[in-house]
Amino acid sequence: MTSFTPALRLQDIVKTFPGVRALDGVSLTVLPGEVHALMGENGAGKSTLMRVLGGVLQPNSGRILIGEEPTIMASPLDAKSKGVVFIHQELSLAEELSVAENVYLGELPRKSFGRVDWDRLHEKTAAILDKLKVGFTPQTRVGDLSLANQQMVEIARALTVDAKAVIFDEPTASLTDAEKVVLFDVIADLKARGVGVIYISHRMEEIFHMTDRISILRDGQYRGTLHTAETSEEELTQLMIGRKLDLSRKINHAEVGAVALEVRGLSCGRLYSDVSFEVRRGEVLGFYGLVGAGRTEVAETLFGLRDPDAGQILLDGEEVRIGSPVEAIARGISLVPEDRKGQGLVLGMNCRDNMTLPQVDDLKAGPFVAEGAEIAIFDQYRDKLDIRTPGWRQKVGNLSGGNQQKIVIAKWLSMHPNVLIVDEPTRGIDVGSKSEIHNLIRDLAANGFAVIVISSEMPEVLHVSDRIVAMHHGKVIRTFTSEEVTEESLVQAISGIVAETAA
Amino acid sequence: MAEMTKRDVGQFLARQGILVAFVIFIIGFTLANQRFLAVDNVLGVIRSSAILGVMALGVTFVVISGNLDLSVGSMMSFSTIVVLDLHDKIGPSLAIPAMFAMTMCLGALIGFLVGYLKLNSLIVTLGMLSAIHGLTLTYSGGKNMDIADKEGTWFSLFGQGSALGIPVPILMFALLAALLSLLLAKTAFGRKVYAVGGNGVAATFSGIRRARVVFLTYVISSFCVACAGLLQASRSMGSQNTVGQGLELEVLAAVILGGASLLGGSGTVFKTVIGVLILGFIQNGLLLVGLEFYVQYVVTWVIIILAVWLDIAANRGRLWSPIA
Amino acid sequence: ADTMKIGITQNNVGVDSYQTTYEKAFIAAAQANPDIEAVVLDAGGDVARQIAQVEDLIQQQVDAIIIWPTNGEAVVPAVRKAHSAGIPVIVTNSNIAEQGFEFAASFSGPDNITQGARAAEIMCEKFTEMGIETEAQIVQISGQPGYTTAIERAKGFEDRLPEVCPDVTLVETQPGDWNREKSQKVMEAFLVKYDDIDGVYAGDDNMGVGALNAAKAAGRDGIIFVGATNFSVGYEAMERGEYWGSIYQSPVDDAEAALKTALDVLSGAEVPFLNYFDTPKITQENMDQFDKPVF
Amino acid sequence: MNTLNTNDLLKQGAIWGFIVLELVFFTVAGKYLSLSQNAFMDLDNMLLLFKQSAPIGIIALGMTVIMINGNIDLSVGAIFALCAVVLLDSMSWPFLTGLGDWVIPVSWGLALLTGVVLGAINGLIVWKTGVDAFIVTLGAMLGYRGLVFMFNGEQPTSHLNWTLVDFAEAQFLGLHTATWFLLGVAVALWLLMTRTVHGRNAYAIGDNREAAVNAGIRVGPHMMINFMIIGFLAGLSAVVFYSESGSVNPNDGSLYELWAITAVVLGGTKLTGGSGSIISTLGGVLAIQLLRKGLGHIGADTETVNLVIGSILIAVLFLDRQLNRKAKGELRT
């Protein structure tokens, strides 16, 4: 905190959507050279507030001041020109274009006659990519990058202009630890240059690791600002969700039953090879690894979405060939996919219909769909997962990111699967719901289901898993039991270091 | 409170932009020519819209599932010619099922190409438009097809008969609309059509056989085309090879006018029916007022854009697009 | 003998049975003559495609080109091109514009203006016979907008009618696009709009029968239907006494006349520029003198 | 700019491979079936191919831009006709007759201006109302066609100017006037789409509109410019073609939009926008014209032509997909 003139101020911002008062008189002050966290439950209004600041949305009322100058953010470009850079929660990239074009999207350097100055573009981008220590070039097509690398492209945008303030809306949701380190370096760098950084995340450890102050939103209302150094997780949670949260690690190992799913020597092209593991009923198996480790691909193969080259899949000891998701579902496998917008939801459909989509064939009343049964399922999981929506008729696309994720989870939980595979289940989910989901996963296991959890968050994997499979470059390096695993050995394993001596 | 209600009414009106436009047009034409709303005329318009309408019902399914069908016009010519030809050869009671089978085979072929082979529907159906036209010409040798004994057959029932004072085409249109509306809105299949159109990948991830759903939408569409061909053949008891030419775009216009999004995932059978009626009444109304046929083109242009605009403006809550 | 290569580019074959029958007849006639090899093309109603086809025929060095113009004026430069390449051009069915006459060897086809005029006469005679020539009201359903044939027939009819029956009023004209269905719709609206319609002139029998169907469905009797290009549906309707008259025009005659004209031109015979083949009036009274049309 | 990998090359190569296939087929089949002593691949015939591709080709090139941008334009056929009407009609406007042959450039200008204005109307509606371009231009297809009819009723509009015809029929360096225009437009648009900020932004908008908006690209004006470009090109196509033919039927140009779109898709441009290439579209256009010419060359009759063109369209789509088939193990969605 180098100066007392705030980098920006938001005053009494109100924003309503049909049926929703998303922001109700929110004020926020960000100082130059500080990292200011914005926290709140899913749907509290964080992204909406940032969209107002970034010129994407116009507020119903309230003022925005940049360096004490009242301004109107007419458009994203306008905001950018006033020094506010917005790194979005959802990827916002043109896949067919090159990395360089994406980084400088909207501001390609020009030569005469509106020509693009390719040399300058590539040069400037290369410099930024250097800083981010990524393994791709400015000319790479963005569509060819993994999700995490795409996120890095998005982050690279923060470094293109001389910003007064940079907004990161859940930038780490799809990053693994290696990129996170780079990201934190970038943020530290921005901070050192006197830029005000607004950082949205649901991950406590990140918040405490690198922010200076924390502002809290709840149900669209401002709940106060705390100095990070002077607060605790408990106090934060209390402010965010209005109650205390029991975060103690309560692993109640259920009776582990027979092997529900066994995979032997499964290989699929360049994606992964010779993957073997087993999950028992009553057990949670964690999958941990770096970006590109191939965990998602293994899950997709089990769900009938990919054709393996070699290997066997055994369900309840019986070898099966799973040719399509239909077959997988019939055999009691559920997959919560990692990309909720692309793979998990029909955004234009309402909440209820999304939730019951995989079982719509089974919910019959005569020739028709039994709407009553559907609504019952919806109500049950809305309460169970605390999904915030005005009603089942709301389009899923209008929900906040976290609530969308909950719909996807509910959709597959309600199938009562034998084997549940969840890929990044709590990406973008607030602490309260996160622990709720963790408990649900444990409960499912306790009820005799086999659960596979793929996660890039070490605390999560450690917290929910009975055993952990560590993958690196498409290979299983090691399988840990929850007793023997340590953070250190796990990090070693996912970096490809085979620790022969591990206990 | 009063203000709230007023806004609700406003919202409702805006949301039902299509209906509002419809009512305004009816009033306008009626003022211009009192005969417009005469029972004969109304029934007449609905009857002659029925053929287009029946096709539009099927295309609604295709469009909601995120595809297009430009082949319906040429397919309708095909079924008309086939049923007329077979009528004299094997009698109406065999000719009708035979024609349905042949037409639905074409629909199944398109469904296979678009659904299972995942070829782009715009191009596939454009290709089929041309190919089916060629097929029809080959079948008929390019000649007009006429039923020899027009008086001595019950075949005229579908196009010209009436029950309870209502012409059969209208009954058939209404019945099909009701059935298909239930199918789309109330059954698991209907739900899947919306899901596939809304987000095909997510549908696959939800265990929906996307290819099969798409395939079935084309089969439904071809079934509707066959019904339209039957109505058409029975109405005029004879036909040219090009009887359905150009209808594909009118059908599409009706479906869009009803508010189905071409991106898939939205639209309803009821709205399509309204879209069909609007087109029918505009055509008829302008004829009654005595305007040149091409004025109708311009009017249709304005109406399509206004109707769709109103519709989306209501959805986003503001008139002008937020695009910078 | 030397075989002669004759290329033909037609207007839009698939569109109606007249044109299809024409094509069949042309091919049959060409095959019947061992000295002729024919290249048969169809422009699909598209001027650009027709011009391209003329260019292709020139490039293939055919001996003569027969053209059924999609647009009588637009093809003039293409005809000139053939002319300067030394290839005689025979225009068939509907003529090209006058500027092109100097480049074309000959025209062979029906006289559409006369046809329209004759239709007016048929209609007028019938009205006179019925005694309503002083107050009769008629409507016209014309062919596809923009086509020479449609325009000429309408013009012939509209010019002649006031000469023969000055008191008959033509209340409205709408196009039926050579399409029976479209014509039926148009007629339905006419019937709603006008209580008194005594006669209908349709640009061809196909549309005439469409109009007739509409009238029958509405239960309106006593309307006099007159068409052009007697189709078999029209002929049958005349047999049933529902349809009064038409103009007898055979696509077979049309095609054969075109081929014959081409052969005459190639053999160096003296050929008049305008080769109209006769298209007589046909009504319920004299129809037994005509064969039932095959199309 | 993207580096091309083999996959991309294969993708872009498909259409040229198809053209080679057509050439071989018609050359061989032509030997047996054609009446002509001239080979199909005769130089003059190939030169004609380019010339005959021009009317739809010029429009298809513009359609590529529109489709890369994520839109579609179904009204080009009607714009084409309306520009032609303006071109030919204006040549006999009394206040222009004093200009002698100088009326030609004026009429050309008026026709092109008409195209730009009509395109701008479409663009403006798409921009300001947010109605999908497919719908806007489907409406305009009817509306503009109505305007064509209003201009001169159902009569053709004609004005044969032999100076103009001679210019249009001229050959320079062996290439016809129309060919020069076609190639010129191709080069210009290729430069526009690969080298300029506008072109790259158009790609971005078609690829991910939301991302483009978020990045502050002014989506509306870019779309509007592209609609004006295709309007201009529809006008240019009309100018080039009707200078030679001198008369326009009110129905002219109908179905051109479909042929243009077909050519663009054959060239590998995605219907959803964001990717595509001008040069491949040129390939698509040539492939279609070659097919028509070839079928005429071997003497196929009308039924067959319809059947074959339809089936070929589907077959090419199928082949293209086989060529670009995803590797085994790829996500099955």
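By letter and in written order, the chains are A, B, C and D; residue numbering begins at 1 in each of them.
Everything that follows uses one rule, which is that a contact is a pair of C-beta atoms (placed from the backbone, for glycine too) under 8 Å apart; a residue touches a chain by one contact, two chains touch by 3 or more.
For reference, the UniProt names are A = Monosaccharide ABC transporter ATP-binding protein, CUT2 family; B = Monosaccharide ABC transporter membrane protein, CUT2 family; D = Autoinducer 2 import system permease protein LsrD.
Quantities reported herein were computed from a predicted structural model and do not represent experimental measurements.
Ranking chain pairs by how many C-beta pairs touch, which one is first?
B-D
Using mean CA coordinates as chain centres, what's the subunit C-subunit D distance in Å?
Distance between chain centres, rounded to whole Å: 33 Å.
Per the centroid of Cα atoms for each chain, what is the distance between subunit A and subunit B, given in Å?
43
When you check subunit B against every other chain, which residues touch at least two of them?
133, 137, 142, 201, 204-205, 292, 294, 324
Among all residues of subunit A, which ones touch two or more of the remaining chains?
Within subunit A, residues 75, 77, 305, 324 contact more than one other chain.
Do you know which subunit D residues sit against two or more other chains?
149, 153, 213, 216, 218, 302-303, 305-306, 332-333
Which chains are in touch, pair by pair?
All chain pairs meeting the touch criterion are A-B, A-D, B-C, B-D, C-D.
For subunit D, which residues are in contact with subunit C within the complex?
For this pair, the touching residues of subunit D are 34-38, 42, 44-45, 48, 51-52, 55-56, 149, 153-156, 158, 160, 165, 168-169, 241-242, 244-252, 255, 289, 292-293, 296-297, 299, 301-303, 305-306.
Under the definition above, what is the set of subunit C residues touching subunit D in their complex?
Spelled out, the residues of subunit C in touch with subunit D are 5, 13-14, 20, 23, 27, 37, 39-42, 45-49, 51-53, 55-56, 59-62, 70-78, 80-81, 97, 99, 142, 144-147, 150-151, 175.
Which of the residues in subunit B come into contact with subunit D in the complex?
70, 113, 117-120, 122-124, 126-135, 137-138, 142, 200-201, 204-205, 210, 249, 252-253, 256, 261-263, 292, 294-298, 300-302, 304-305, 308-309, 312-313, 316, 320-324
For the complex, which residues does subunit D have touching subunit A?
1-3, 195-198, 200-201, 203-204, 207-208, 210-218, 274-275, 327-333
Spell out the residues on subunit B that touch subunit C in their complex, using ranges where they run on.
Residues 33, 35, 38, 40-41, 44, 48, 133, 137, 141-144, 146, 160, 232, 235-243, 245, 283-284, 287-288, 290, 292-294.
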